[in-house]
Amino acid sequence: MTTTYRDALRQAMVEEIERDENVFLIGEDIGRYQGTFRVTQGLFERFKQHRVLDTPISEPGIVGIATGAAMMGLRPIVEMMTMSFSILALDQIINHAAKIHYMSGGQFKVPIVIRGPGGAANQLSAQHSHSMEGWYAHVPGLKVVAPSTVEDAYGMLKTAVRDDNPVIFTENPGLYSLKGEIPDDKEFTLPFGKCAIRHEGSDITLVGYSRMTHVCAEAAEALDQDGVSAEVIDVRSLLPLDAETIFASVRKTNRALVVYEDWKSGGFGAEIAARIQESCFDYLDAPVGRVGGLNVPMPYARNLELMCIPNKEDVLAAARQLLA
Amino acid sequence: MTTTYRDALRQAMVEEIERDENVFLIGEDIGRYQGTFRVTQGLFERFKQHRVLDTPISEPGIVGIATGAAMMGLRPIVEMMTMSFSILALDQIINHAAKIHYMSGGQFKVPIVIRGPGGAANQLSAQHSHSMEGWYAHVPGLKVVAPSTVEDAYGMLKTAVRDDNPVIFTENPGLYSLKGEIPDDKEFTLPFGKCAIRHEGSDITLVGYSRMTHVCAEAAEALDQDGVSAEVIDVRSLLPLDAETIFASVRKTNRALVVYEDWKSGGFGAEIAARIQESCFDYLDAPVGRVGGLNVPMPYARNLELMCIPNKEDVLAAARQLLA
Amino acid sequence: MVRMRAFEDQSVRAFRSGLAGGYLHVYTGMEATAIGWLSSRQPDDPIITAYRDHAHALYLGIDPVVCMAEIMGRAKGTSKGKGGSMHLYSADHHFYGGWGIVGGHTALGAGLGFAIKYKGGNQVAHCFLGDGAANAGVFFEVMNMASLWDLPVIFIIENNEFAMGTRLEFHAADPEMHKRAEGFNMHHERIDGMDVIDVRRDAQRIISNVRETSRPALIEVMNYRYAGHGAADNDQTLYRSQQEVELAWKRDPVHRLANLLTEQYGVNKQILEKIQREAEEEMEGVYDEAAASPKPEPDEVYSDVYTDMQPERGH
Amino acid sequence: MVRMRAFEDQSVRAFRSGLAGGYLHVYTGMEATAIGWLSSRQPDDPIITAYRDHAHALYLGIDPVVCMAEIMGRAKGTSKGKGGSMHLYSADHHFYGGWGIVGGHTALGAGLGFAIKYKGGNQVAHCFLGDGAANAGVFFEVMNMASLWDLPVIFIIENNEFAMGTRLEFHAADPEMHKRAEGFNMHHERIDGMDVIDVRRDAQRIISNVRETSRPALIEVMNYRYAGHGAADNDQTLYRSQQEVELAWKRDPVHRLANLLTEQYGVNKQILEKIQREAEEEMEGVYDEAAASPKPEPDEVYSDVYTDMQPERGH
């Protein structure tokens, strides 16, 4: 079936709500208001307040309540209006939800999904444009995924809901209207910890996730025209990370460029780059390159904002330098 | 003068409080109770509540109040009882304090210092043992320092207080009783963004900061005995980062190992490693190695806890592998 | 009030025409609150509010062209175009912003009060927030500290009955939000916010009390927002009826003041019409001037991150 | 109570002897609160508290050896030695911990109430917190939601008059902390916590009311901690006088109950002495057994991070 990223997310939630009575949605303006990005459109009317709960603006409290409920067996899906607001709930996420299973010696499980738009949209300014996935991927006890395709959005959200651990599920706002196919199978799920190869190639490996996968794919097509064959790897799941697939590609192409929207310095791309050179040192014909967001708070003016977010040209320039 | 890391911090604060009437301390149990790690011992009696303020347990509120006060020209030093509690205040730190200068087009300054013990101490368990400096060093608008010596603690804290930007100042609890010299000069300050070479060598560069600098130094001495000459670089300031000094060392030794206590995956050591291989690729005889904390919530049991924190043996093992 | 409203009309126009982006929230319907309140401040009192900040900025005297330029992301804007609609600031006018994280700025507001007290000044800090913001945990933390430490700060809840698409009764266990100060031994009351004269009278009383005692207060001002939550909120029927909005228009503070002026003070209607017309013309001019002003230079992206250095450059 | 107190004596002994590390907080002086309250719960009611959790764990019936083993970081501990003194848990006993971030667990407590309501159960969630914790922002957020959504949860402030070294009056703008529920349209009251019979009577009344109405409540129980904040708190004169502590000992809940039993119920003093002796002997045995039990295997460090996978291994 052809659908959009947004609708695929919604369908996954509908199916999981219907499958398991413990699954429910909780978040700000997700019910009556239909969600600010309309991901939850129609669900309040369909499932009523019991399963689709509007909350006050209280991110720490919302995540904490969902976590406590999860300890008693419920399976909450928390929508963050934007992932930038999850910063307020970080103590609940990383110092409570992520640690309960360990601190209780395995007695309690926390099957909670925290999802929402992450990354820059369109002039939302400095406080609303964060890419949080790199921070989360640093935290043992969490799983962190960032699907780039409609099928992945669908299959990985279903996996997330069925996972017994806290899952951070980040959706780049630029992807919501993306079109794609999903299978007609309510039991369709996609495992975490598997990269996908989006474009095969032999001269350089471009590693991206979320919307940057598409930027990498565009760059790969432009490189094709230059006669350079680029392989595009979609990381999909940052934690667990399928490093082996990346390594296998780099051992073939001998060059790697990691692309991410988050601030370049200290972003998760640094981890990927560090691991590639650790494991593929003898195969590398050039240093592992990185393209990341500019190291500045996101400016409002559109011309400045566009400078901050990596685009095809930035990737091409970096790739050409590695190939030179 | 010979003193301890703890006393040097205190002396720096005393001198800055006396120098500038806008400098004050604020935090939990820093006054009457003398501070949980006794860094502020005696200061409440000496400077009274006006300059040394005990607060309720309200980290977000404390940091926010200090930030607002800083916008009006005060220079607060906020003590976090442990840096783990700064997680509650992250929204105030990274989404307010760090962005004000930029968002206001340079109209407002935020001369605030947030300091306290960061990293594992002794069986404080999962919720109290965080190394936060890597996260902070990812955030443009913050400066982040992690001094390892008594002199640095003294000189860098004075610099931090005089800086017009928000500074995260992290103190490993294992360092408080460290002894060392400080100059007899109230105007002594140490600039941020300069690495220090703690041990010269020519065969491998060990890069560390905070307490791990000492672990590297121990390892370097053990390597000396093996006839291997290791250079130990103390990063001191993560943001700004003096990458050039690190690069210069690696170009000499041709091998690098980055050591940090934080969880290995996604820690700031990944950024350092990524940068080294980007800039020194042609000089490297082995991949840039990393030694980090185990990727698990900190366990309580002492035998498990000790496994998590990198020690001399871990560094030696990794160094020998790179040298092999 | 008519200038504010005319300004907001132009800011919405900027959004519609694509000259402004992101989130843009207008103050239409709530004018009596900001004007009544701010007209009672002392000129050097620090003021802080959330993202619905155009009215406060204008009233404090910031040049409307500079505000509009900011909203359009231009170099001559209050923040050189880096802040946008939600993040207006002016140190010269003691305007401390302009903030996007709901509730977050209330801590800064308490900090302004803290600095006043620390320095021994006689100002009062005025911190505006929404009804939705009064659910944020940090707000309670700072109410406690403000009271504990006798900070001269007033928290003014602009209760427009909605937090985005969530009606007061669905987000507040007790819709009388001023009662939240009860547990902190802090003065609190609810006042009407649709009549600018009433607001001014109440504000004068409350502010001078806070200034004298250095005891903080929580004031809930009841008003209503006529526009959608933000300029992109295009289906208000999701959370309120057309009827309800029409009924609320009957309480329009601009009309109310106009009626008062014509009926009680015998002001000629034509004068009011002239004021209205002039305001509209002024703000059209403001729009044009801002729209014609230059965008920030590319290298501006790296400036103002720090006071004394630049961040690591490049992708 | 005497078992609890004897257990705490042994846990302090473990700390002093180096068998326990980190932060260790004993409940001595506050026993009437946990016992009076928990004796009134329904057996399947979920319970949650902060780091001062030994007493709650013991009263709920968790084997003292297993608790002590946890405190000593041993494999047979409640959390296999990975949690420690602050993080005792027992799913079997509906004991949801044992938490170290002050105030953070109150959100989880509200979540327990949420789950009860969602599933249509008739339990009540009991969430204990300290007076210091009642200043944490998240606590207010969840009070609001608990009331808004009619969650069957009771927040019990164990007000022992201190948050570490900070006295109540230095941290709370209004020392009657129960009033903090006032703004949330929630039942609140303050009760005495030094007499176990009184606590039990009040708890029964309050709990059955919450169970019937599914309306949350905030109860402030006044007690006193005789010990230092934690086992490492070795200079209590910094924040209270010897005199004050001695005076508080006069209200000792253990003595109070003993007096009641001997004077009103004619219980023989020797019986009480025997109970005391037996408790001490039992807990010495507990200490020895826990101390003799094995430490966790090294590979345990990687287990229980996830339910279904291991993290990336190695340094």
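Order as written gives the chain letters A, B, C and D; numbering starts at 1 within each chain.
The working rule: a residue touches a chain if its C-beta (ideal position, glycine included) is under 8 Å from a C-beta of that chain, and two chains touch if they have at least 3 such contacts.
This is a predicted model, so every value here is computed, not measured.
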Between chain C and chain D, the fewest steps along chains that touch one another: 1
Relative to chain B, chain with the most remote C-alpha centre: C
Geometric centre distance via CA averages, chain D-chain B, whole Å: 35
Chain A and chain D: spacing of chain centres that average the CA atoms, whole Å: 39
Length of the line joining the C-alpha centres of chain A and chain B, rounded to whole Å: 30
Touching two or more other chains - residues of chain D: 79, 81-83, 87, 99, 101, 104, 135-138, 141, 144-145, 148, 170-172, 305, 311-312
Chain B: positions in contact with at least two other chains: 55-56, 58, 60-61, 84, 88, 91, 95, 102-103, 125-127, 140-141, 241, 265, 295-297, 299
Arrangement of touching chains [line / ring / star / complete / other]: complete
Contact set on chain A toward chain B in their complex: 84, 87-88, 90-91, 94-96, 98-99, 102-103, 125-127, 130, 134-135, 137-141, 239, 241, 263, 265-271, 273-274, 277-279, 281, 284, 286-290, 295-297, 299
Residues of chain A touching chain C in the complex: 28-29, 32-34, 36, 54-58, 60-61, 84-85, 88, 121-128, 264-265, 291-297, 299-304, 307-308, 310, 314, 318
Sites on chain C touched by chain B in the complex: 46, 48, 77-83, 87, 89-91, 96-99, 101, 104-112, 114-116, 118-119, 137-138, 141-142, 144-145, 148-149, 303-309, 311-312
For the chain C and chain A complex, residues of the former touching the latter: 20-23, 70, 73-74, 79, 81-84, 86-87, 99-104, 132-133, 135-137, 163-166, 170-172, 238-239, 295-296, 298, 300-302, 305, 311-315
Chain B to chain C touching residues, read off their complex: 24, 50, 53, 55-56, 58, 60-74, 91-92, 95-96, 100-109, 140-141, 143, 163-165, 193, 240-241
